[in-house]
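Two complexes follow with subunit A in common, the first pairing it with subunit B and the second with subunit C.
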Partner chain A sequence: MSVSRVSAIGALALTGALALSACASENPAPAGNTAGAGGTAAVNADCFEGDLKAEGSSAQKNAIDEAISAYQTACGDANIDYQPSGSGAGIKQFIAKQVDFAGSDSALKTEEKDGIIESEEAKNSCGSDAWNLPMVTGPVAIAYNVEGVDKLVLNADVAAKIFNGEITTWDDAAIAELNKDVKLPSTPIKVYFRSDESGTTENFTKYLKAAAPEAWPHETGKKWTGKGEGKEKSAGVATATQGQDGAITYVEWSYAQQNQLAMAAIDSGSGPVELTAESAGKTVATAQQVGTGNDLALKIDYATKEEGAYPIVLVTYEIVCSKYADAETGKKVKSFLKSFASDEVQGSLTTQGYAPLPAEVATKVKAAIDAIS
Partner chain B sequence: MSTVTGVSAADELPGPDGRKPLTGDRASTGRLGDRLFGGAATLSGVIVIAMVSLIAVFLLAQALPALTNNSENFLTSRVWAPGGEKPAFGILEFLWTTVAASTIAMLLAVPVGVAVALFLTQYAPMWMRKPAASLVDLLAAIPSIVYGLWGLMTFRAFVKPVEQFLQDNFGWFPLFAPTKITGGTIFFIGIVLAIMVLPIVTALSREVFDQTPVAHKEGALALGATRWEMIRTAVLPFGKPGVISASMLALGRALGETIAVTFLVSALSDGTDWTWSLFNGGETFASKIANNAAEFSNPSKTGAYIAAGLVLFVLTFVVNSIARIVIERRKAFTE
Partner chain C sequence: MSLTTTPEHHVPDDGAPTGPTTPPSRPPARQAAREMDNPHQARAVKDILARIVMWSAFALAMVPLVWILWTVASQGVHMLTEATWWTGNQRNINSDDAGGGARHAIEGTLIQAGMTALISIPIGILTAVYLVEYGRGRLAKAISFMVDILSGVPSIVAALFIYAVWVTTFGIDRSGFAVSLSLVLLMIPTIVRSTEEMLKLVPNELREASYALGVPKWVTVVRIVLRTAFSGIVTGILLGLARVMGETAPLLILGPYTKNFQRDLFDGNMATLPTMINQDRGDFALVTAAERMWGAALTLIILVLLLNILGRVVAHYGSVKK
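The block that comes next holds the complex of A and B.
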């Protein structure tokens, strides 16, 4: 009897330890996290009471979480819920009126794809135009792990060849030419890609296609079409890269930072550009607006030669109805997004691996939010 | 005469005099409690059957439209592009990965699991049996996500040298051909799955071995059998159907295991050459579906994934049926 009791206690202790270690590894947020949350308390919004539901892109999860916590610090009665279940799921739920707004890695598609036109469906569902409001800039890093190499410059052409399996070792002449003062080892290159369909893949392939059309003959899309070894989600590719000498991957900035991966600078013709909030913002500022009026869908010029602009960025949108059938919901959405687009909240996103919206775009976004009813 | 678990004296008839097997006369006292219990039991049985059939119907109904639009052969193609104007998808790769990984898991887990069960019931000192058994059961209580994380972070480093050794020395053998995959190979996933299903095999086998009639064991020993001979002639034959059932349950889990596998697999890029190597990557049915569930953007694409799910369903079903048949035949043989 006493023996089985001892074993039961042992079992309890073991489960407890497991539960604890699970907690510990849950949130590898950077140290700046708490400081960022503290700095955003100064949100002055006209608070609403009740629930607001949103769903969509996981790429903006940390950003919107930050915005939500800032908003709820100011407005204790507001309850905002964001489900990071993926852009496709978010748009689907938005069209089905299950959520009040959607987060998406790409603007609503205006041409038919898979049998539906997203923008039309959204318009029908809203009973008014649906707007794409760029809100979060998530730069995509080309992260690598090569022993002895802590500075690396790539251009679109070389990057495309690496990710297409044409360049297979780190001491390849093409890489060496861009990195004259770096001693490159002969380690084979291991490419990791996202095995799930993702907006990060879509934006990265769009960049390769736009900036190096010859070296990247594949289609662009959410599904990876290059070479390499697939890993699940951002965390998967980041972990795999961290654990393998000679590895390279494309991953959201925050994951590269959290996993302490080295990131390549991009040379688009006017010198190597490191990935910073500022350099990523520059690319967004040069983007062309393709939506009309307050629909701020952007077309990012990935092939930009603008000096100091880091070209691989992912802009996530909040997709909203321009006029909500329920005026109360409209007010809630407006109030929250206003706070999200404010300089305070945008500025605090840098600690989460996002870049704030550049001033030109932010002004337009604020104007559009004001027009929501 | 040997007996089989779950078989009562009623099953052993007809006896030598040709009597009919014993059956109840379905007598009921007609009291409320009697009727309620009978009704509840029947209802539960019907619900389970209905649920399985409805799941099959659901899978079929959702999968059929996608299957009719498919421009590739669903069973033999390696392409997976279910979206777009011309959906093209085939499951060959998932089928291979799923079956290969599960087979490795079974080859490792069943012998070890049975050995552990034999140790716990026949060899271990009395004071050790209970605590050791609960430890093994605890292994079954670990959530699969923990196995996934552990496999990825810790266990991988131990298996890698083994894989390297096999590739270097036995690379001429098609199953061990060298590949470029660094992460979750089929071989590695098989090993992790083996650890995950081990407690299932062990726990159930332990139960049946424990049921071996003492008379059988003592009889064997009295005839001069060593302990191993006693196990071979009394315990193992008695427990065989139970071990088979346990293995099939375990195989069911291995085939359908999702989260841990999703964590570990290395997906292959489009157009990778086919290889039989166990050191190749590849996705299983379950991991492929789980990994892409967020992007089920339209019915035809969803249908393609559901069709893949249907294959997994059928696969598990077939495996279970085979197990049933084996157990039935075994029963007939011992009678």
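The block that comes next holds the complex of A and C.
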């Protein structure tokens, strides 16, 4: 009776090797494939070394990924991670001090909800005021897929009725009224909505509620209250719409572009407005600042009648501490956000389906970033 | 069997060639032979039916397995043939950029699994030794009961427990080590149970022979019992390790993803294959992200498969020769 020692030792060695690799952190980490990213904007940044952690809205993921790539290309020793787990999750982790800043589609709430006041909690966690800094404008497209229709105009009222289930076919008189020179088929309308809780849903329903209060009696919020079939995440509604004749959905511009979906122009009373960086920027420029000082929380006027303004926009914020308990972290956040708000990076975002911040907002944001410590 | 005894008894009685004195016995013998066909046929039919049911159940069970393996392999294999997949990371590669590496995630998965093994193997084996060799009475019963409960804890609950202790109570950052801790909770019961079974298989005669030679109990346990059960214990550990490597819930809650290399378990975000899959799943509409997702899935399957094969090899070559 003998044990085969060789294999026994071999097996032990393997388990050991697995375990020991845990201690192998003294290996110098390769600087990463810095040459990997093509077409990212060049950045002049005062680089930091080490890690910076952020989490939040998935609507700004493509924008912040672009900004991170640009920053990391310039700064080989900086590691910036962004988890696109949703605005709510981002704020929670920020309050729990798990991340250095949060990305959110809505500013910190100043009134009580579910027993907590977000802005107060964030203030306690920071030990100083928490600021909402608008960073990216993500227009929301009403994307559709109807065979033979490559141009479509909607207004808030008709859009609300479509997403409400009141209008059920594409050749409905209300749609035809707005699209006199388009031949509309009798295909039934198939509405897709976001089944997960989403800032996009919140902003889209806010628009419907503000611009068509009679046609949209439902609540606004992160959860969809209209009709249709739910699909998970932006990618889900976009692919579903792509694969179904007669489909319509609301989705971030960047996803509509990535999936080559047709997008409706919106007529708010002064003629149809196509979704472009400029038309979305006009709406953001009319927004009111509701925060005080360097807290730049905005209130968007969804019912805007301004000429050439595309009204369905989503402003996504970076939520930061005004004064970080750890000065080093403050420097990192400041350095990265400075690069994010710079004209070079903001300008490169249009290719990703985002609109840059309007000049006057951008100036305020830059001033606020300078004040972070 | 008992059903057929009556006709069979007739055969030796009547059909036997006992001589010319019994000519009238032929017709009953023929009749008996005819009756014998029926039970044989019935058995044959039952046999075929059982075979069909068994094989179709087997085929049915194989359908999803083969389907999954085929889908993942065919979609992901071309990512794995790129050298950068095994050497690079995802730094500065946005979701609409193609390619990049998975080395950071492979390393993270292995490092976390290694730390998990390092903590849970000694605890698990010693617990099992106590339960089989020493434990009597209430304490042993209580421990055994607790292990049963622990093995029924869903991974998400283990993860939330560690989150509550690690993050909420002590205020420490999420890290690779926190993930390992929650995986330990999942791995200990599997190790205890499999080791226990292996120790119980060791014949008592071996222990008695050892005692008879005057060997103390602890030496008997170390040199005789554990040595005899060694290959089975290692197999159990490797299979348990393969299982926790694919766990996702603790990673989503405790181990934020990073695109960079990160080998420090105690500070900073650490990438793993399941979180890499999850990250790219968010953009599955993009071919570039979907390809990475399939590639990472295939890599994870291969890692788990390798551990499983290793478990078999150890079981085969490491067993005690009789």
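Annotations
Methods note: the second predicted complex is superposed on the first by the 332 of 373 C-alpha atoms of A that agree within 3 Å, B and C clash if a C-alpha of one lies under 4 Å from a C-alpha of the other, contacts with A are read in each partner's own complex, and residues count from 1 in each chain.
As a convention for this text, contacts are C-beta pairs under 8 Å (C-beta built on N, C-alpha and C of every residue); 3 or more make two chains touch, one makes a residue touch a chain.
On a predicted model such as this, the values are computed, not experimentally measured, just so you know.
Once the two complexes are laid over each other on the shared chain, residue contacts for A:Gly115 go to subunit B alone; subunit C is not touched.
In the superposition on chain A, A:Ser195 makes contact with subunit B only, while subunit C stays out of contact range.
Touch criterion not met for A:Thr292: it reaches neither subunit B nor subunit C. In the superposition on chain A, A:Thr239 contacts both subunit B and subunit C.
Applying the stated contact rule after C-alpha superposition, one finds that A:Ala96 touches subunit C and leaves subunit B untouched.
By the touch criterion stated above, A:Gln83 is placed in contact with subunit C alone, subunit B being left untouched. By the touch criterion defined above, A:Gly228 reaches subunit B but does not reach subunit C.
Overlap of the subunit B and subunit C contact sets on subunit A: residues 3-4, 7-8, 10-11, 14-15, 18, 22, 25, 58, 233, 236, 239. In the complex of the two chains, the subunit A residues touching subunit C come out as 1-4, 7-8, 10-12, 14-15, 17-22, 24-25, 27, 29-30, 32-34, 36-38, 40, 51, 53, 55, 58, 61-62, 65-66, 68-69, 72-73, 79, 81, 83-84, 96-98, 233, 235-236, 238-239, 242, 255, 258-259. Those residues of subunit C that touch subunit A in the shared complex are 84, 88-89, 91-97, 100-101, 107, 110-115, 117-118, 121, 167-168, 171, 173-174, 227-228, 230-231, 234, 237-238, 241, 256-265, 267-269, 279, 282-286, 310, 313-314, 317-322. Of all residues in subunit A, only 3-4, 6-8, 10-11, 14-15, 18, 22, 25, 58, 85-86, 88-89, 91-92, 113-116, 188, 190, 193, 195-197, 222-233, 236, 239-240, 243-244, 247 touch subunit B in the complex they form. On the side of subunit B, the complex with subunit A involves touching residues 81, 83-84, 127, 130-131, 134-135, 138, 141-142, 146, 149, 152-153, 156, 180-183, 262-263, 265-270, 281, 283, 287, 291-292, 294-301.
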